[in-house]
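Every chain is named by a letter (A, B, C and D) in the order it is written, and numbering of its residues begins at 1.
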């Protein structure tokens, strides 16, 4: 410990920085959970005070979207092992990694975009029924929840894009923690969506 | 002689076109506004929340939504030419004044022309708020603390604007913003006069804040005085 | 995990900044960001204080002319006479600026950013880019809010609590409720984003970037306070953000989250239906009460940190302080309903909210007793910093005891919305937290700038501020007991007229105390350029910030990676060369726990 | 410096307590049947809070006096009992104190909120709007006419939005700008907000209740002393908030009957 204190300390700092990305993402998830908990309680309070609560039928495309999002989580997991291999190989000897990680990552990205497109289709469907943001409380909550979830999902897409970019560039350095944090966040987005779907289905 | 006449009437038309008020001579429409039926009872206003104003009135004043005179006459009716009057009347330079005195708008109704200045004065020892609930014009909402100077405002569109004081809910008024310069507000005897009308066909409208509008068509051929009357239906509630 | 070699530059960390912009404007350096936060809070606090002067003057001379006020707003102050709505505008801006941009920024974001990484031996925050962003986002929030002064309608009049539907229905409800209120909602939403980013950074940094040997229990108490505050703030702002979003949608998109049916505002039937005004109150106070602790906990930490240095001995128990702060943080989420006792909430829930509120008294009392008990047998050094730390204890007690009353729903029936409440929160969260900031400023200024502040001026400033704030805020309680309602722009009720002499006294005290703050401003600016050059450790303190040069280099510890051997409470140590042992000194200490 | 601090702090603490002890600015005398419970609770709390305040400030002053600028170089001493003693003391003393206040406080709260109004209480509806209170009595038929927000017309003094043209119940409703009530009779006040949030506060009556738009609440109370008291708004409601008030007129039963008759003739 005393002989090469400087190098060890630097290494320690480095691994702590890796840890930080992971704690960071969990802390972020805590905050997002809190935000959606607030929305949920708003729905419950709002429903309780309203004598003429309009229930609505959720657009059918939402269920398809859900499947797409679940599929994206699976493809992300499929990319995990090759990406991890790529990272450790790069760190060990600086070799080029396999392309399959990148491929699965791009598939995930594509599925994510498909989900957003599907959400947009759901909005269009509601709009064609004459249900807009301000039409009634159910539709207000529907647009707000899907929009806020969508914005958070866009953040996840940006992270996926960043990962894919790094992977496709030869010689670019990619940190394991970035990859892990991104995948934790993406799975969380999926879980959050299923929760929201349940809330919207039972309450709105 | 004839040429002279033509010239004169030409000048008159020209003058009427540019400045309608200035048409000298011409015809006059006058008359009376009355009501039939039982008007709603005007309730006394409880000003106890504003002691300085309550003191200003020996006996409690009543609301002024419907003010009547002897012989069923109706006060605060705006009678004006709604069609037929030459356009382009320019606003008089003189401002009309509305005063807040004893937590009341004096006068209760102000008629003024588009772009004419309205001067707002607070004579009370309390803050007032003037909030014209305009739709066509720009809505504004200003407070006037005691001791602050009078201010002026203008309206650029024709509109009957209900006005309220946000601090004293019983204070209500109307700003009748007129496009024409031919208008008259009935006094206690219900009478109105629209003088200096060049020959032509006119639609005369009478407007009351509670009873709405009535119209009549009148044709002026020379310098005669036409008498017309409006009768509004009053309801107890 | 085996690491083969150290990489050349660490990602997330940065090299020495180059160029003016990178160094001082868009800096990634937590120290510069901390100073930027401090500067923002300083600007905000002087604006806020000026507003309070204008309000206090108006309260005793409601028809008095204020020179120059007409220039700021012709509609708000025709002829220099303040209108009732402009009073409320100034009040709203005072509250919002002080709570968000001063009490949240100064003790937490400013000092926390500067000293948290140093005190745990880190080179920077975990995510320097997020850190920079959080400041700039906060600055945007500030600018958006202040813009409200310069729009024709003026700032909003609905108070810093922005109760719906007053804040939601728009200009029908009064001036300032158009774009002024929109700007307010947007500003607060943006502020939430900045605070969330900041809190995330604080938590990750504390958890993962501590130097070798820096166990959690060896962290200084102020680091603990910032850490706990970050946890509170993360959850609180995560609720205020959606609440603001819904409010802005109600205002701008025609939704009805907070607006019920059948409202007739300014003779106009509103087109909304079904919303719940109480929903806004619940969401707001779920944030609002923890916000009180976001303001006060960092001050408690800073004061504890400075106190042990001034009294030259450890606190009776640092652990108890830490656990008390944690339980306060935890309880702060269970008490929001005590702001709503008379709001028509179910009377049973009032009781449910009353008990945890009363329970908060216990950790608060424990902390006070620990501070007091630690003075026993000490050797107190009197610096400006220690005076403000002692003043903090006094203020915290004075503001705290009035909480006994307001925690009880039955008494709250009488005291709710009176000046008693105003006195209570100004003392306990306003003045007490500001005392913490003053203490921190006098204490850390040498480290932040490399120069000492004038102690003489500092003490003059303390005496004016200490006596002055008591003169201002103690009488607020008397007014409240006599039933004086808050948020009135002038006092026209018969039962309030006999209280005018008290108001006059308060206004005079406020003008003098406010003026004394310019002594502080002068001291701050003058010492920055002309102060005595500061040594590395002027106060003979133990924590890591005092082991590095004043001001610290861009990477704090240079190439050194500090190793920590002790907790920071080693004052009055027997057998040591001085009476204190620094955290990174390998010296062995007898009986160290 | 330390001694100076101690002296100043002692003076501040003692001077602060004087107006409280002397009741220089104090609650107006209570005129309600439930108010004494609140007053007692407040007095008890004041005793406990006052004691805590003085004890803490004077202890702070004392310790600062004693341990400032100690000249001897002796070792630091510690408070006998240490942290553990203090924590236990705080837990027991403050814990029981707070528990006692909490439990006792319930009684006063319950007297206002948990007992229902008696069925023959006088029903009055209070409506708050920017920036005045209006009160409505059901009139001879004992029934309130329905409220129609679209019919509200302040210029005609139709503050509640009644529809007397179509509804018989509304015709005899008595609307007044002051709240007149008979002494010693329970009053059930039905709380209704017209526009934004307001609050009904009569310090003498020890009653404060918010008007929440969209949520019709009620409070009940019995006034015992004849007199005229101010009702003020305590919930920020807009620019005229400071000026939003009405009078509570507590009368004898005969006077009240007369008043009601006179008001009915004005409608």
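In this text, a residue touches a chain if its C-beta (ideal position, glycine included) is under 8 Å from a C-beta of that chain, and two chains touch if they have at least 3 such contacts.
Keep in mind that what you see is a predicted model, and the values were worked out from it rather than measured.
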Neighbouring chains common to chain A and chain C, by label: none
Reaching chain D from chain A through chains that touch each other, fewest steps: 2
Of B-C and C-D, whichever chain pair has more C-beta contact pairs: C-D
Whole-Å gap separating chain A and chain B, where each centre is the average of the chain's CA atoms: 65
Centre distance in Å when chain B and chain C are each reduced to the mean of their C-alpha atoms: 56
Chain C and chain D, separation of their C-alpha mean positions in angstrom: 29
Chain centre separation (chain B, chain D; CA means) in Å: 47
Sequence positions of chain A contacting 2 or more other chains: 49
Chain C, residues touching no fewer than two other chains: 83-85, 174-175, 260, 266-267, 275-276, 278, 492
Sequence positions of chain D contacting 2 or more other chains: 129-130, 153-154, 214-215, 238-240, 243, 245
Set of all touching chain pairs, with the criterion as stated earlier: A-C, B-C, B-D, C-D
Touch list for chain A against partner chain C, complex: 5-7, 9-17, 19-21, 23-24, 27-28, 30-32, 34-35, 37-39, 41-42, 45-46, 48-53, 91-92, 133-134, 136-137, 140, 144, 148, 173, 175
Parts of chain B lying in touch with chain C, wherever the complex brings them together: 126-127, 129, 131, 133, 139, 141-149, 151, 162, 164, 166-167
In the complex with chain B, residue positions of chain C that touch it: 62-63, 65, 75, 78-79, 81-86, 171, 174-175, 266-268, 492
Chain C residues touching chain A - in the complex, by the definition given at the top: 1, 3-4, 6-7, 10-13, 122-123, 126-127, 196, 199-201, 203-205, 207-210, 212, 234-235, 237-239, 241-243, 245-246, 249, 253-257, 260, 273-276, 278-279, 282-283, 286, 559, 561, 563
List of chain C residues in touch with chain D within their complex: 83-85, 88, 157-159, 163, 165-166, 169, 173-175, 259-267, 269, 275-278, 311-313, 316-317, 320, 342-344, 347, 350-351, 354-355, 358-359, 361-362, 365-366, 368-370, 372-380, 382, 387, 390, 393-394, 397-398, 401-402, 404-405, 408-411, 413-414, 416-418, 459, 463, 466-467, 470, 474, 478-479, 481-483, 485-495, 499, 502, 572, 574
